[in-house]
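There are structures below to look over.
Look at the two complexes coming up: subunit A is in both, with subunit B in one and subunit C in the other.
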Partner chain A sequence: MIAELVIFIILGIVAVSSAFAVILSKNPVYAVLFLVINFFALAMLYLVLSAQFVAFIQILVYAGAIMVLFLFVVMLLNLTGAIESLQDKLPAQRWLAPALGMVLLVEIAVVFLSGFFAQVPEASELPEGFGTSAPVGMLLFSRYVLPFEVTSAVLLIAMVGSIVLAKRRP
Partner chain B sequence: MLVQYLPFLILFIVAVAFSGGAILLSRLLGPKRPNPVKLAPYESGMVPIGGTRRPFHIRYYLVAMLFILFDIEIIFLYPWAVIYLTARAARLFLLLEMIVFLGVLMIGYIYIWRKGALDWE
Partner chain C sequence: MPEIVIFLLIKLVMTIVIFALWMTMVPFMIWLERKVIADIQIRIGPNRVGPFGLLQPIADALKLIMKEDITPAKADKLIYPIAPALLMVPALLAIAVIPIGGMVTIGERSFTLQIMGEYRGPNGFFVPELDAGILLSLALSSLGVYGVVLAGWSSANKYSLLGGMRSSAQMLSYELPLGVALVGPLLLASSLRLNEVVNAQSNFGIWFIIPQFVGFIIFLMSGTAEVNRAPFDLPEAEQELIGGYHTEYSSFRFAMFFMAEYLNMVTISALAVTFFLGGYRLFTDIVWLQPIWFALKLMLFLYLFVWIRGTWPRVRYDQLMALGWKVSLPLALINLAITAIVLAYVPKRAVLVLTITSIVLITIAYYGSSYNLRRSTEIAARSVMPAGIYRNQRKRGFNQV
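Moving on to the complex of A and B:
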């Protein structure tokens, strides 16, 4: 239990500090690489939560595939020298971003203070093999079968959307 | 539960320590006599031409995006395949569910094909 807590705290520090590094990096390529570290820390946090399947999918899909896409987008946009001009184009963002961030912070505080987490049941012993692909599949194809099918529609929309945007004739 | 992932953690630490240590030690112990030729980016022995930060063609993005979408599709096949062997009574249901899922994505696949997004022009 103590070991788990120590691992959790270390991973939390890594996750939070790499997330700060993402938003504070001036160079977008560095920001993306810090995001890789963040995704790995999150994957290990999932492992601590016994969500083994999700943890490995996090590494495979997020740290592997989505990072490549992020790097492509950074290179596509060619942001060298564009950051200052973007700041000029969106002056309202400077005030809007902290304001909306505060709204989110207040919301989180309200959830914590409202006793929402008091309703969460006590931790119980997990069944054998919890979080591996078989129990995840059992849940996915019984209780969550509708969200699973809706996922295919979401993926289809993403396909059509990316083609419509990228294949547009100038 | 977590103990079975200890080898992964050890491997991860060894990998980080090895790569980080190699960079750190060569920085600490290696002689530093820089000159403009040494500091130039290595480009297969050629004299570097221009910067690396030039815009890529949009088709790279399209291929990466479509790859991710089909990657996510494959992810859903893993838990399905694992429980398909053990689920005896519900096999027909599982098969139909997966056919519907793949069928919707197949519409997208045909759309991509017909739109010529898979051609490299």
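Moving on to the complex of A and C:
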């Protein structure tokens, strides 16, 4: 139990500090790389929670595919000089962002505090094969089949939309 | 001594042995490649250092290490030195899930010759095989692209950057067909564990290359593209990009790029052996022979990679993308759908039906893809050629690779 706690704390520190580094680094390429580190820390946290399938998918999809695309776009656009000009284009964001951030912070605090004083359920033994691919697949295609299909439809719409936008001639 | 310590010791020894074997493949591959390419080009190849030039890779390595390690003045000081390692570490880690032999029993303990494999000790001590082994190896192979992209970016050289760009686009495009092509064998084995895939092939009594021939072809093609080998070596096309993403690198960091390329090639070959050629099983079930069978089949694939490099010209960039998105991916998806339907409706005769459908599919795909690639050549030609030359060329028919 103690070992698990130590691993959890180390991973938590890595995840939170890399998340801060994402928003604080001046170089967009560094920001993307810190986000990759953050995703890795999250994947390790899933492993600690014995959800190995989710952990591998996290690395495969987010760290391996999506972040490479991010990196690709950041390098292609060479954003280093573009950040200052971007700040002036969105004046409303300067006021809206802190306000919305505060709302989110309050919400997190409420959830955290209400959970803090609630009765913690007794940890039960995990069922055989918990977190492996077979039970996750069974759940996805039986109990959660509607959200699963809706997600795929949303992705399809996004794909069609991006093609329509890219094909439009000025 | 508690059982867990023995377990960890056995795994440690196994890891070191397999790791050492894998690393020995690199000098061997350098020698094989130089010799075979020389043979194809009617040259003699290395024959001065050691018998048959066998010590040539050591001389090559020494030459590289002795060179000065240069960092360009404008290079990114943090990322430039670690980029080669980012490419090499995932290549090395991917060996952890590949089974090179079956169940070995020593006294009360038995385990498979696979780093993340099954282990049974006395008193019911049991560690199962890693559940989604293939997902781990695919995830690691998708991480290799960071090394290439960051090496290109951090060198502060436009040719390097172009090479990095090309490779990220290429590896992303071919990751999809690579993964989908493997789903067919996984469906037949009905498991994500590599050891189960090997066992399923001996249960069916047939290697999956026969019923999953389409998957095999797509895997081979996307695997070659994934490791940036000829004819898909556009990220380092010498005539266009000097050296591509590793233009600025020298000394041992440059050597690491080469080691990573060879290691990736060995890993892709090992996956191909496991999924399509029956893994470590051949004829008998004598356990100590199995790693040898595995090595022999691996050599077959490594030779094939060198052979392909020696015979095929590099594809053009638009052909590469057309082949990935318009041919490989649809074909892999059709193959997956057919496999799933056959397994659902005629599971008893699945192998026979799948063999017939894969022959039909590959025939259609051959003619379909040649039409498809001709179309993309025409489109590319229209966008770069003056109208008159284009019309003329079209009348004569475009030269096809």
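Here, the second predicted complex is superposed on the first by the 161 of 170 C-alpha atoms of A that agree within 3 Å, B and C clash if a C-alpha of one lies under 4 Å from a C-alpha of the other, contacts with A are read in each partner's own complex, and residues count from 1 in each chain.
The rule is simple: contacts are C-beta pairs under 8 Å (C-beta built on N, C-alpha and C of every residue); 3 or more make two chains touch, one makes a residue touch a chain.
Keep in mind that what you see is a predicted model, and the values were worked out from it rather than measured.
S.K.: May I ask you to decide whether A:Ile59 touches subunit B, subunit C, both, or neither, giving the answer as first, second, both or neither?
M.R.: In the superposition, A:Ile59 contacts subunit C only.
S.K.: Report the partner of subunit A that touches more of its residues: subunit B or subunit C.
M.R.: B
S.K.: Looking at the overlay, what does A:Val160 touch: subunit B (first), subunit C (second), both, or neither?
M.R.: first
S.K.: A:Val36 contacts which: subunit B (first), subunit C (second), both, neither?
M.R.: The answer is second: A:Val36 touches subunit C but not subunit B.
S.K.: By the touch definition at the top of the document, which applies to A:Glu149: first (subunit B), second (subunit C), both, or neither?
M.R.: It touches subunit B, and subunit C stays clear.
S.K.: With both complexes superposed on chain A, which partner does A:Ile108 reach: first (subunit B), second (subunit C), both or neither?
M.R.: In the superposition, A:Ile108 contacts neither subunit B nor subunit C.
S.K.: For A:Leu100, decide between first (touching subunit B), second (touching subunit C), both and neither.
M.R.: In the superposed model, A:Leu100 contacts neither subunit B nor subunit C.
S.K.: Now for A:Val6: first (subunit B), second (subunit C), both, or neither, which partner does it touch?
M.R.: After superposition on chain A, A:Val6 lies in contact with neither partner.
S.K.: Of the two partner chains, subunit B (first) and subunit C (second), which one does A:Leu49 touch, if any: first, second, both, or neither?
M.R.: Neither: A:Leu49 stays clear of subunit B and subunit C.
S.K.: Looking at subunit A, which of its residues have contacts with both subunit B and subunit C?
M.R.: In subunit A, positions 53, 57, 60, 65, 68-69, 72, 75-76, 133 sit in both the subunit B and subunit C interfaces.
S.K.: With touch defined as at the start, can you tell me which subunit B residues reach subunit A in the complex?
M.R.: Where subunit B meets subunit A, its residues are 1-2, 5, 51, 53-56, 58-62, 64-69, 71-73, 75-76, 78-80, 82-83, 86, 90, 93-94, 97, 100-102, 104-105, 107-108, 111-112, 115-117.
S.K.: Subunit B touches which residues of subunit A in the complex?
M.R.: Spelled out, the residues of subunit A in touch with subunit B are 4, 7, 47-48, 50, 53, 57, 60-61, 65-66, 68-69, 72-73, 75-78, 80, 126, 133-134, 136-138, 140-141, 145, 148-149, 151-153, 155-156, 158-160, 162-163, 166-167.
S.K.: Which residues of subunit C touch subunit A in their complex?
M.R.: Where subunit C meets subunit A, its residues are 79, 130-132, 135-136, 138-139, 142-143, 145-146, 149-150, 153, 161, 164-165, 168-169, 171-172, 175, 192.
S.K.: Hey, which residues of subunit A end up touching subunit C in the complex?
M.R.: Where subunit A meets subunit C, its residues are 29, 33, 36, 52-53, 56-57, 59-60, 63-65, 68-69, 71-72, 75-76, 129, 132-133.
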